[in-house]
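Presented below are the structures under discussion, each in the form of structure tokens.
Here come two complexes built around chain A, the first alongside chain B, the second alongside chain C.
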Partner chain A sequence: MASQKKGGAMSAVGGFFGAIGGFFKDFGVAFAKGDIFVKLSVLWMGAGYARRKQYIKALIMTALEAAIIAFTLTFAMQYVPKFGTLGTVVMERVFNMKTMKSEFNDYDNSFSILLFSLFSFVVWAGAFVIWMRNVVNVYRLQQKAEAGEHINTFREDMHSYIEEKFHITLLTLPVIGITVFTFIPILLLIFVAFTNYDQQHMPPSALFTWAGFSNFLSLFGGGLTTTFSYAFVRILGWTLVWAFFATFTTYIGGILLSVLLNSAKTRVPKLWRTLFIITIAVPQFVSLLLVRNFFSNGGIVNTICANIGLTGFLRDIGLVSTSYIPFLSAPGWAHVMIILINIWIGVPYQMLIATGVLMNLPSDQVESARVDGAKPFQIFKSITMPYMLFVTGPALVTDFVKNINNFNVIYLLTEGVYTTTNQAMANSQAKEVDLLVTWLFRLTQDYYNYKMASAIGIIVFIICAVFTLFAFNRMIGNGREEDYQ
Partner chain B sequence: MKLRKAMAVVLSAAMAVSSAMVVSADEGPVTLTLWGAEEDQTLLGELVDEFKAAYPDQEFDISIGVESESTAKDTILTDPEAAADVFAFASDQIFDLVNAGALLNLEDFGEVLQMAGKTLDDVKAANVAGSVEAATVDGSLYAFPRAADNGYFLYYDSSVLSEDDIASWDSLLAAADAAGKKVGMTFASGWYNASFFYGAGFTTGLNEDGTTAIDWNGTSADGYTGVDVVKGMIGIASSPAFMAIADGDITNQIAGGQLCAVVSGTWDAIAAQEAFGDGYAATKLPTFTVGDTQVQQGSVAGYKFVGVNGFSENSGWAVLLAEFITNEASQQKFFDQRESGPSNNNVLASDAVSANLAMAALGKQAEFGVAQNVGGKFWDPSATFGEMIAQGNLSVDDDAAIQEALDTLVEGVTAPVE
Partner chain C sequence: MKKMKSNRTSSILLHNALIAVLAFIWLIPIIWLVCTSFSAYSGMNTSTFFPKEWSLIHYQKLFQPDTVQQFPRWFMNTFIIACFTTVISTAFVLMVAYATSVMRFPMRKPLMNMGVILNLFPGMLSMIAVYFVLKTFNLTNSYAGLIMVYSGSAGLGYLIAKGFFDTIPRALCEAARIDGCSEARIFSQIIIPMSRPIIVYTVISSFLGPWMDFVFAKMILNAGISENYTVAIGLYKMLDKSLINSYFTIFCCGGVLVSIPISVLFFIMQKFYVEGVTGGAVKG
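And then the complex of A and B:
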């Protein structure tokens, strides 16, 4: 079964490369067999269309070609040639007393060079694909013309974009959006991880440059700073532990709660459900900050515990050494508290989802099980849970990934309250309760250590991507529906 | 080679032409942006109008933006080229700002200051020595001191504690314990806990490469060892009357009502007045025990500065504006309208300032205040060190463990900057 799926994944990858190969082959065939105008299209992108009397298309392609050349000469050429060094000219300033102004030299900004070079590469990659497609397209036109088939007018071509090619019209905007707002930033993040962009090398007044794999070396223990790898391993461990517990406690809790509320024996279920949903109605950061203050060292919970003698009792049996209970300020205590508070925050969401799913639970199965004499727990174990897992499996995977990057809960609960007493952690600006993502945040926000933050960001990305791929492949692979049946 | 020379000639010719154009296009108004704290906006507006009136020959277009002194660095370093020409910031940010080229070296602008009828030495002489020292990096002045109220001292309830009680930590804690009250201080912050080390003659400093120099694991100039200082701190933290307060939670705790004395700054004056009522009083910090002697606790003297962005184009006028809003008359206005503790010697000496209890206590402590020159790597390790003492992780009998913790602290603080 598993090998079959692996085979499926392999063939998908194979298909992908096959498509790329086919694309280049089409181009080769078109160029070799095309007439002089198809060949000319390699230089003048409008040539083939002009020959087939598609003058507007020829004009558009010519304009596009001119725009790309203009972009290359006026914009890309300012940055791309410096991509290898990320700039060499450091800022210099002279004050001119006559004008009362500072005069600057034409200095390089490593960050602009990196960003705009990447942007240029993406534009060129797009242009390259269009350029190849263009040759293939005009060759098709030539074939049509030779076969005496009808050649579309511009109006007919345009019309096809709201008919048979409507998907292209629909997808253009999202694809551009994803490229500009997701793809290029991720690319930038990846490249920064291979530079020395940190507080000592901050543009615009200083330059940064390529540093190879040194950031990853110091993250995994081969570099100069041993504490970084020390902190990384521990934070990664807690991140995974947290993601696991945060996901499953709220998941199970939500299902149990909704089963309880759906039960015929529960009175006024609507009232209870509303009460639980109120937690969602309050913005998360408000409730989290309040809870943080409740459980802080001098907070209301500690005052109550001290007054009823709980703090003294815990001191006597040696669980706490301080005059307060360190709910959110000592490792162990804080870890457990964070997961508990997260249950309170997260369960209502899961309860809502579970309620929806349970309403669609096939009642014939439950009925026949009951007729056969199954106990409520047996029904829950053998019918309800498998059904829930089948329907909400993909959501569970997304939740796990979301929890790996659950910045809000961790940061709002511990920032300003938790001070580590582990000196090795402190020396790499980390705390025991940090997730990779909160550590990354403080490295950039407080220490301008962009290179390490990028390296950590890549690791987080790889973890999430690999986990998602595997989990989805296992869960949504074909045949699961039959498994359930 | 020849080509390069030709290029150089062409380029310098182009430069000459463009700079000539700049000079001839000089007729329009000078555009400047000024950033200050939200609560200072009205006053800054008044000062800008006065500034314009002071230079009637020049046309200005000055806009004022909101940026708190405490967060100025974060915003400016995000994009120094887009940040304001003139901005206010807290003194501990000066090294990062200078390092990022976001502050102009004012030593280059002596000629400009003559337009205000001053020299740079006049500015330095007009403000308290500590503020000028804190605004100086590598021997050059990088910012104009505007306020000297960013330090801490002792607030106490004089209905609970007598003058004798507040002389030393030992008597303070004993009296508080007897009264069933607590004494609060933040240990988990390098800004607060450094006061013990500074008091005993230890130092921190900044090296040229941006790393921090720190000697707390050795013996100080006054002959005390770091281990003995830590033992003194453990002695305070282990007292049942001591309350270690998380950084940023002090105001809450003052209002909580358990405290009869607390280490904090002028920003908590109103909270302390409300909590202590008629007993409200403030003074310098107490002495603490190092070995078998009493040592006066030091403190960090913090200031507010106004600096000029290194990427400011109209830098000349920007320097004049920064000077104007920090001069004696402006600081007097800041004190009158905003109760901001002045750094100007003349304003500081006025009766109104010395009548203010908190301001007077700050003045008393200023004698023992130190400008804290540290890099970014100082904060996390020093906060952790203070928290270890506050939580009782270090035993007063275990010299070796204390020494090891101090060594680890020094190792973390002196780590190379990344």
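And then the complex of A and C:
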């Protein structure tokens, strides 16, 4: 069974490359066996269509080809040739004798070069695919013509986009959206991680250039600055500890709460459930900002603790050294509080999910267990939990990854409240309670240290990806969706 | 017999008391939020849980904008952004879900696998790069930029809707095809009318996105002027160290007012949320 599941994931990867291989093969066959017009289509994309009297299509393809060539000559050529150096001409003010004004020279903007080069690469890749498809399509037309089959008119071709090619109509816009807002940015991020783009190298006034693996080296302890590796190890450690506790406390808590609420003993379960859900229906920026002030150094909880003598007691046993309890402003205290507050905000979510799952819990099993004299705890341990784990296992994995990137909880609770006293951490703009993502956010927003932020981003991705693939491979197979249709 | 019965009653009592205590703990901050919003004092009340004097004055102030606080504007801004986002996101999600669920084409599996890989990149990370891109095109501090960020990649979140479409019997589509119905008509006149629950879910969840979001808005609108903020940024800025003493109660009022519509929508949505999250997993 296990090997079969592994095979599922492997075949997904294999299928992906298989599809690419088949694509190239189709092109090769079409080019080799096609007639002169098919071969001509390699140069003039409209040729094959013109031969089959599909003049409008020929015109469209010709226009597309012209557009791509124009794009290459007028746009891409400004940037792509400089991709290797990311620009050499620094911005300068020069005095122009003609206009008697001081003007900027024709300087290079490293960032524009990088971004627009990547953009050009993506456009070219798209154009390349269209170009190859075009040859394949034209060859199909030739086959059809030779077999004496009907060749679609332009109208019929258009009609096919709401028929068998409807998926193209549906997917074009979303795919463009994903390409522009997810795919290109990720590429960009990966490339920036290998440059020295930071506050000293900010376009347009300065240039940045390729820096190899130096950013990764300084993260892992090599290089000139050791502070980054110092902060990195600690923040990575806390990120993982946080993700572990945040995921499991809310998961277990949610199941317990939903078992409690769904018990036959509960009166008015709907009312109770609603009360718990209110906490998550309030937007996080309201509830978390509120809780942060609730627990602030001079806040209401501290007043109450001082009044009932808790603060004094804690000071006596040496847990606090200040006149207040530093719930969110001292290491240790803040770490524990963040996890506790996250339980508050996360358990109702998990309760909602667990409730939905437990409704489908096979009740005959529970009944027979009860008849056999099983205690509620035994039922929970041997029937409820395994069932929950089976059903919500994949969601657990995604939750763990989400918690690694749980920006809101950490940022809203600690930003502006928690200041680090550790000089080494402060040198790399980090705090003990930071997650990798909040550190990365601060590096870019306040310190313009894009190179390190990008390197950290890639590390986060690798952690998430390795964890997800590993966990999913063990838990579920893919490729079984058809069984349920 | 009687003893057993009283035993059972007390156990029920204990059980419900436990739930009541838990619910109370969970609600403390919310109760505090509502109570504080009715306080007569503008700063944070640190000495007592309930305000010393009750008043509605800060709710009035909330609707009299000043240089810092422009709640009605923020509310409208967020509403506009949310409407655009909802339309675009819902369309993208339904389109991708239908294409991957109902239709069969060679690139289907490779595209879906690409989606899985891209989804592994946390939104936070690509966001920083998106910020670079928007800055290059001068789209930071603009709603257009924010709407694009919210809805541009919405297509990647198609899995829940796909899970729903997967449960619609294929025979229905086949029958329609045999009757000469085009794919576009199957989509718009058979599948969509049957999918009310998932459409409600998609619409509400994409509408709530801009209301709940904090990071993206902060990143993109941060440098702008107060009247262009969304509710999240506006309320966050009110709690600056220099402002908190005069605006904390107004923050609570704003928090209460923005939470009410969101909670209502959330309650409508949560039914579908549970189905969505667990639905895919149950089917394996």
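Quick note on the criterion: the second predicted complex is superposed on the first by the 455 of 485 C-alpha atoms of A that agree within 3 Å, B and C clash if a C-alpha of one lies under 4 Å from a C-alpha of the other, contacts with A are read in each partner's own complex, and residues count from 1 in each chain.
We take it that contacts are C-beta pairs under 8 Å (C-beta built on N, C-alpha and C of every residue); 3 or more make two chains touch, one makes a residue touch a chain.
Just so we're clear, the structure is a prediction, and the values are computed from it rather than from any experiment.
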Touched partner set for A:G298, first chain B, second chain C, both or neither: both
Touching partner for A:A19 - first (chain B), second (chain C), both, neither: second
Contacts of A:G416 with chain B and chain C, given as first, second, both or neither: both
First (chain B), second (chain C), both or neither touched by A:S214: neither
Partner, of chain C and chain B, that touches more residues belonging to chain A: C
Chain B versus chain C as contact partner of A:T99, first or second or both or neither: first
First, second, both or neither for A:Q445, with chain B first and chain C second: both
Overlap of the chain B and chain C footprints on chain A, listed as residue numbers: 293, 296, 298, 416, 445
Residue numbers on chain B that touch chain A, as the complex places them: 19, 22-23, 26, 30, 74, 77, 80-81, 96, 99-102, 104, 108-109, 111-112, 188, 209-210, 240, 243-249, 252-253, 256, 310-317, 376, 379-381, 383-388, 390-393, 405, 408-409, 411-412, 415-418
Of all residues in chain A, those that touch chain B in their complex: 91, 93, 95-104, 198-200, 202, 204-206, 224-225, 227, 293, 296-298, 321-323, 326, 329-330, 416-417, 419-427, 429, 445-449, 451-452
Complex contacts: residues of chain A adjacent to chain C: 12-13, 15-16, 19-20, 22, 111-112, 115, 159, 162-164, 166-167, 169-171, 173-175, 177-178, 180-186, 188-189, 192, 257, 260-261, 263, 265-267, 272, 274-287, 289-291, 293-294, 296, 298-300, 302-304, 344, 348, 352-353, 355-357, 360, 391-395, 401, 404-405, 407-408, 411-412, 416, 437, 440-441, 444-445, 450, 453-454, 457, 460-461, 464-465, 468, 476-477, 480-481, 483-485
Chain C residues touching chain A - in the complex, by the definition given at the top: 11-12, 15-16, 18-19, 22-23, 26-27, 29-30, 32-33, 44-49, 92, 95-96, 98-99, 103, 105-111, 113-115, 117-118, 120-133, 136, 148-149, 151-156, 166-167, 170, 182-185, 187, 211-212, 214-215, 219, 222, 232, 235-236, 239-241, 244, 248, 251-252, 255, 258-259, 262-263, 266-267, 270, 273-275, 277-278, 280-284
